[in-house]
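Chain naming follows the written order as A, B, C and D, and within any one chain the residues start at number 1.
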Amino acid sequence: MIVAGFCFWRGDGLALDLSRLTPFPFALTVDRLSAFFLLLICAVGAPVALFSSSYVERHYSGAKADSMWLLLPLFLLSMVLVVTASTAFAFLFGWELMTLLSAGLILIDGDSERRRHNIFIYLLMMHAGAAAVIASFLLFLPHASSLDFTSMRAAAASMPAGLRTAIFLLSFVGFGTKAGIVPFHLWLPKAHPIAPSPVSALMSGVMLKTAIYGFVRFTFDFLGGGPIWWGYLVLLAGAVTGLLGILYALTEHDLKLLLAYSSVENIGIIYLGLGAALVFMANNAWAWAMVALVAALLHALNHALFKSLLFLGAGAVSDAAHTLDIELLGGLLKRMRVTGTAFLVGCCSIIGLPLFNGFVGEWMMLRSFVAGSELPAISCAIILPLMAGVLALIGGIAVACFAKVFGIAFLGRPRSLAAEQATEVAASMQVAMTLLAASCVMIGIMPGMMVSPLTVVARELLHTPTLPNAALSISHTLPLIAACVGVLMIVVAGFRRIKRVTPTWACGLPALDSRMQYSSAAFSKPLRKTFSRVYEADRTVDVLYANQPYFPKSILYRSVRTTSFERSLYRPAVDAIVNMATRLRKLQTGNMQVYLLYIFLALIALLIFMRFA
Amino acid sequence: MGLIELAAAKALASSAVFLFITLLMMASAKRISTCIVLFSIQSAIMAAEILAMAYAGKSVGAYIVAALVIAVKVVAIPYALFRIMKDLKASQDVASSTTGAQSVFMMAGLILLSFFAVAPYAKTLRLDEDLLAAAVALLLAGAFLMVSRKKALMQVIGLLVLENGIFVAALTTTYGMPLVIEIGIFFDLLMGVFLMGLFVFRIRDTFEHLDVSKLRRLRG
Amino acid sequence: MTLVLLLLVPFLAALIVLTCKQSTRAVCVAMSAGALEVIAIANAVWRIRSNGVLQSGRYLRADGLTAFFLLNVGLILSLVLAYSIGYLRHIPAGRFSSPRWFYSLTFLFVFTIMAVYLSANLGMLWICVESTTLASALLVGFYNTKGAVEAGWKYLVVCTVGIAFALFGTIALYLAAVRSGVNPESALDWAVLMNAAPSLGATGNLIKLSFVFVAVGYGTKIGFVPMHSWLPDAHAEAPTPISAMLSAVLLNCAMYALLRFDTITSHAIGSEFSHTLLLIFGTLSITVAALLMVVQRDLKRLLAYSSIEHMGIIAIGVGLGGPLGLFGALLHTFNHSVAKSLMFFTAGNVRENFGTLRMRRIQGMARSMPWTSAGLVVGSLAIVGMPPFGLFISEFMILTAAFSASRYLIAILLMVSLSIVFGALLHHFQRMLAGKRVDVPVKLKLLPSDFAVMGVCTMLLIVLGVHIPGAFANLLQRALVVLQ
Amino acid sequence: MNLAIDVIQALLLVAIAPLVSGVIARAKARMQNRRGASLWRPYADLLKLFRKQDLVPDTACGLFRLTPAILFAVTVTAAAFVPVLHPSAIFGMSGDFILLVYLLAIGRFFLMLGAMDGGSSFGGIGASREALVSALAEAPLLLALISVAILSHAVSLSGMVLCTVQQYPFHLSAVYVFALGALVLVAIAETGRIPVDNPSTHLELTMIHEAMMLEYSGPSLALIEWASAIKLTLIMALLIGVFVPWGMATSASITALAIAPFVFVLKLTALAIAVAVIESSIAKLRMYLVPDFLGMASALAILAVAFTALMR
């Protein structure tokens, strides 16, 4: 952490070269970009480690605890390796390890059929993504003398457009798979929820960011931007990912699943920023490209902070109430003040409320979108500002989504005995969450302390002097607003002295019970109805009537949502492969004479080939 | 010129034709024993050929090779095959998957094909065309027998014919390889036939039949 | 003398071990013989390192390439022998299937393989390769079960036919050499041929012809698709140590033979033709094998197909040529042999424990046999080319070579099939490993030797994955020099 | 001097907010041939409520009581963004309107939470419906403001105001038309007036905003009522500032400053009466027609943005 902060401020690379030992050049260099992500990793890693210290001892014992403590640091280390690597080999080494270790960590919680299936999909998609990444690295080869980053950077300039495009697309797909942009997000909601909470915090908070890092490395550092349609592609990906992510999140009742989907959404937001930056670069509007990039990176950091905070909160909740189904929670804020407050801060940040960190990134992003209208190309001038609308829509739905989460899970009456008997979690957990929450608020009120260093990072990537003042105004205003709101609240609080606790008005009924509260499904119903097109949910309502009609004994409502991507994209591919394999299998007839025939045919074919080659 | 030269010249000139005849007869043969006999005849022809060459080229090594051929291919292997057949007490039928007529026609076709195939090489390498053709024909014929005959023994015989083809090729092109190599190849051949005989017995014991086309437990 | 020793030890061992009736003695003899052989190999390799090429008589020679493969044999042999101690406890007594027969045949097999590597003459080479088939056919059919006999028979016939073509090719090369004025007596000596190679260009067509036949012939033995048909049967039905030997030694041995021809051909008529052939076979092999791995049901067949796939990768490496490609190919040969033998060993344990290799019937391995499962996991991670294991490096090298030669199609095919393989192995193994433990009739107890074997394999894989020792790299370099 | 005016205008907004709702109520009463309550009635109500006791449901926790404070504080802060008397404001800066929109979101978010803390199903109903409206209203609101901002080449409210002031009345580009349309629709939705929501109903089938504050009483209720009144006024002031700012003190001359308040109040009254007319002449929409209503707003906003690019 110290190291990270140090070279983050000093910015000059400290490099470590182990090439002597390894068959391939294996070097680590920390330039500003890596330093920033290093900082991000540590900023999340430290609290998570603190959290897991007591989490592990509560949940695991013996071998499991040991393996947890073995794998968790290794996992962090692999991510550090990824962001600090300065040769392709080192990068890929860390990249693959990262996948494997995370899978191992997930496995610690057991290996039921479903879990294994999810991990299977996770690993498979990661492997495919890694293949794309490897390819995008190796595509540099004909032009770069070796695969260390400096020479790749140098080579990128001289490469033909086609190759550059290929590299861009490959890295887009490869890192997109890791980042979980639609339609490569399939694994994310499968893998994150089943991991132990600290691990899912790391996966969502940090691991996804390594993909962002990789993408930025390639597109901005190596390739230095490209034609305008790259930007549009990324923008499109971001918009679709963001919208679908938050819409899927809205319908979930499992806390961690919901958070996983909201990670998808936030990745989408980050990609929006990156896309805008690319568009600006294509138009040579470097200053604003810088704003967009800074916004994206800042949002990456913020998301790392509040998403890990939320996942830790989820972990605390499952500790206290032994469930993650928010339909069974409620009233937790009363019973777990610290956790609840921290979680509330997390919610406020993730929906981008001012005075919380989530807002700063989004504001800069919106600001840059508006600035897009100044661009000469009509298409940019229309598309970028409209993206602001998309971002606002995402934000609006996010408000609904997290109002639901917090309102149902932490407020009102407990909906189950477990929730009623929930108690505050261990101190170290509280401290961990408080730290994260504090950092969220701090960045939210004084964004300057993150924006200015990030400007330095962006400057290194874009080679432009500095941000336009228009984009910095926020960091001056927010403290004032914070002060203003604070003062007003204190003043107002003075008005209300007397307070009397009474039962909630029950429309004359004897008393309200928890069944009468609004459920999570009910809460999200209006929005689900509005966007029903997206969900393609198949619903079933079983009404069980007692002897007479009109007074049903029980009404069972089930709504199954399978994302259409799984059905329309992945299934067919897998089926195709399996079919091909089974056909090939038939060729292995078991009849030796046929085998001999194969040999003779091969021979004849080659002889013919020889005659014509 | 003496009688022997005449004989040698005749042997060299006409051996190819004889080889083709043996092949055609093999194709039409219904019984395994016939094929074995034909094989030994075939080998004998080759032996004669080598003797002729040895006489023409005055090389001692060639005589030894000829002796080996007679010893191994004309006598030993056919004898071994007959023994195996006797011990197996299995039916004589070659169990062809093609009718006799079809086989003969295919064989003829293969012979023509071989002529067509070797033409360019024979020109460039200044080789005796029909002997080279014979070599290739033997190769193809062996392959054909292995693919089309279902009996394990016939596979062995097909393999031997194929081997003969290679042998003839070596002979016609380079007047034989270095002696040591030749001997080694013969040894291998002998071992191979021995082993295959062993396996034939094992097949018989474990499967109660010798139809290799029915050995289809392992697939996929 | 060094070289003669290499041949003498296994030959005598084969005879001696046959004489000792009770199995314990046989085992002892075998172990000591194995130790001797390994020492002899080490000695030979050392000599070669110190003074380039070893020659004894007209027919025995060893150079850098040989040294590399010899090392490979020595390693695998020692592993296999160590593993066989534990394995042979379960061997059912039969007419020919008793420990002494097993060891005798194994040493015969080793003898032939040694002969292949040491023969200085391509004719000899052919003879020896053929005799490896003969020696191993009996081992494949060792158990005399229906499957074993069938596999043995197919192996014997298919390989003999294939090898016959190789002989034809050899003769064609011989012819070419003689025609271009090389002394007929030494016209099959590969050293001589290498020197004469530039002058062989005149008879280009003939050289091509010979290489086609040789590629098909030895390709059959290597297991290139479509000549691979014998391979899964043989690997699946042979006793497990032998499966390891086949996969980790025999295939390499055939590959070695092909490499000799390839270098000569390349020197004679340029590498374009032969390498194209190798690339064709390589890509065909990896794609087909990868697809077939998806639908396998038997563990050892699965491993066999993976061997085919890896032979394909090696062929691609050679076909791409260049220092990187060749280096990667050789390194991959070594890595693959280690990883694959590890996996076969684990497969053997599984067989002994569950009494079956049907992957559907196996579950709860992780709980019922943790160490073997660990071995399996390590092995499979290595096999699919994950860091920090050696194959990651060699595959990365080959990919690098492919990209820097801008052979994009091949690179893509390689990557796709690697992903498919990954999916296939993951799919099969997660089923076997996970789940609750099942009670099995015979509970397998691992001997220290088994642990040692698996430990050594794992260690080697990891070491080669993070850092190639200087001595080893040096050895590889020497082999490379021979190939270029 | 400037700062002083900024503060004054913010306070003015806060102060006359109740009056606005009074005016609207009075106007509606008149249209229904009632005499209606006095214009100052809302002030009296607030005073009464502040004197009362603060009832808190047994299920609720601290957040329930915190909510009104937050809501009020945020809304008042938001009021400090709007140019009323002259084209600048306390927190005027580049991109301030984005901040304004998000500030309002804070209040809404906490109001939802507070409602759900009550533990009755009414709170849930209200929150869920409010969630729907706000989720869909935010985008068009932002887009409409952006379109005007683009047109004025100044990404701040004061900039927009200046730009409009300097043009001749009734001589505005199409963008203004679309933007105005969008903003009006959104304003209706945001402030919870008919046809989206009916502030004077307590029927669970229809109420949104009322349902959320059902559990509140005493000072808390007062704060919420006041805050929503401020919000209404604020948005009206926004409309006035952006679309009919004429009469604002563009120069620092005393006369201009003296006139400005009266002009503003006149405009405000007119707008209030307009609202009353709309409310008493249109029926409330079904809940699930609100998305269409806001969809129209979004369409207009998108057109507005598109036209800024097409018409330059």
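What we mean here is this: contacts are C-beta pairs under 8 Å (C-beta built on N, C-alpha and C of every residue); 3 or more make two chains touch, one makes a residue touch a chain.
Please read all numbers here as calculations on a predicted model, not as lab measurements.
Chains that touch both chain B and chain D: A.
Counting only chains that touch, the fewest steps needed to get from chain C to chain D is 2. Per-pair counts of C-beta contacts peak for the chains A-D.
Chain B has its Cα centroid 71 Å from the Cα centroid of chain A. For the pair chain A and chain C, the distance between mean C-alpha positions equals 45 Å. Rounded to a whole number, the gap between the C-alpha centres of chain B and chain C is 32 angstrom.
Distance from the chain A centre to the chain D centre is 35 Å, each centre being the mean of its Cα atoms. The set of chain C residues that touch two or more partner chains comprises 153-154, 157, 161, 209, 232, 292, 295.
Shown for chain A are the residues in touch with two or more other chains, namely 585, 588, 592, 596. Across the assembly, chain B contributes residues 143, 146, 212, 215, 217-218, 220 that each touch 2 or more other chains.
In this structure, the chains touch in the following pairs: A-B, A-C, A-D, B-C. Of all residues in chain A, only 585, 588-593, 596-597, 600 touch chain B in the complex they form.
Interface residues of chain D facing chain A in the complex, by the touch rule stated above, are 50, 53-63, 65, 68-70, 72-74, 76-77, 80, 91, 93-96, 98-99, 101-103, 105-106, 108-109, 112-113, 115-121, 123-125, 127-129, 131-132, 134-143, 146-147, 149-150, 155, 214-215, 218-220, 222-223, 287-288, 291, 298, 301-302, 305-306, 308-310, 312. On the side of chain C, the complex with chain A involves touching residues 153-154, 157-158, 161-162, 165, 208-209, 212-213, 215-216, 220, 226-227, 229-230, 232, 273, 276-277, 288, 291-292, 294-295, 366, 381, 384, 386-388, 392-393, 396-397, 399-400, 402-404, 406, 411-412, 415-416, 418-420, 422-423, 426-427, 430-431, 433-435, 466-468. Per the touch definition, chain A reaches chain C in the complex via residues 21-24, 89, 92-93, 96-97, 100, 111, 116, 119-120, 123-124, 127-128, 131, 134-135, 138-139, 141-142, 147, 577-578, 580-582, 584-585, 588, 592, 595-596, 598-599, 601-603, 606-607, 610, 613. Residue ranges of chain B in contact with chain C, taken from their complex: 120-121, 124-125, 139, 143, 146, 152, 155, 159, 162-163, 166, 169-170, 173-174, 177-178, 180-181, 184-185, 187-188, 191-192, 195-196, 198-199, 202-203, 206-207, 212, 215, 217-218, 220.
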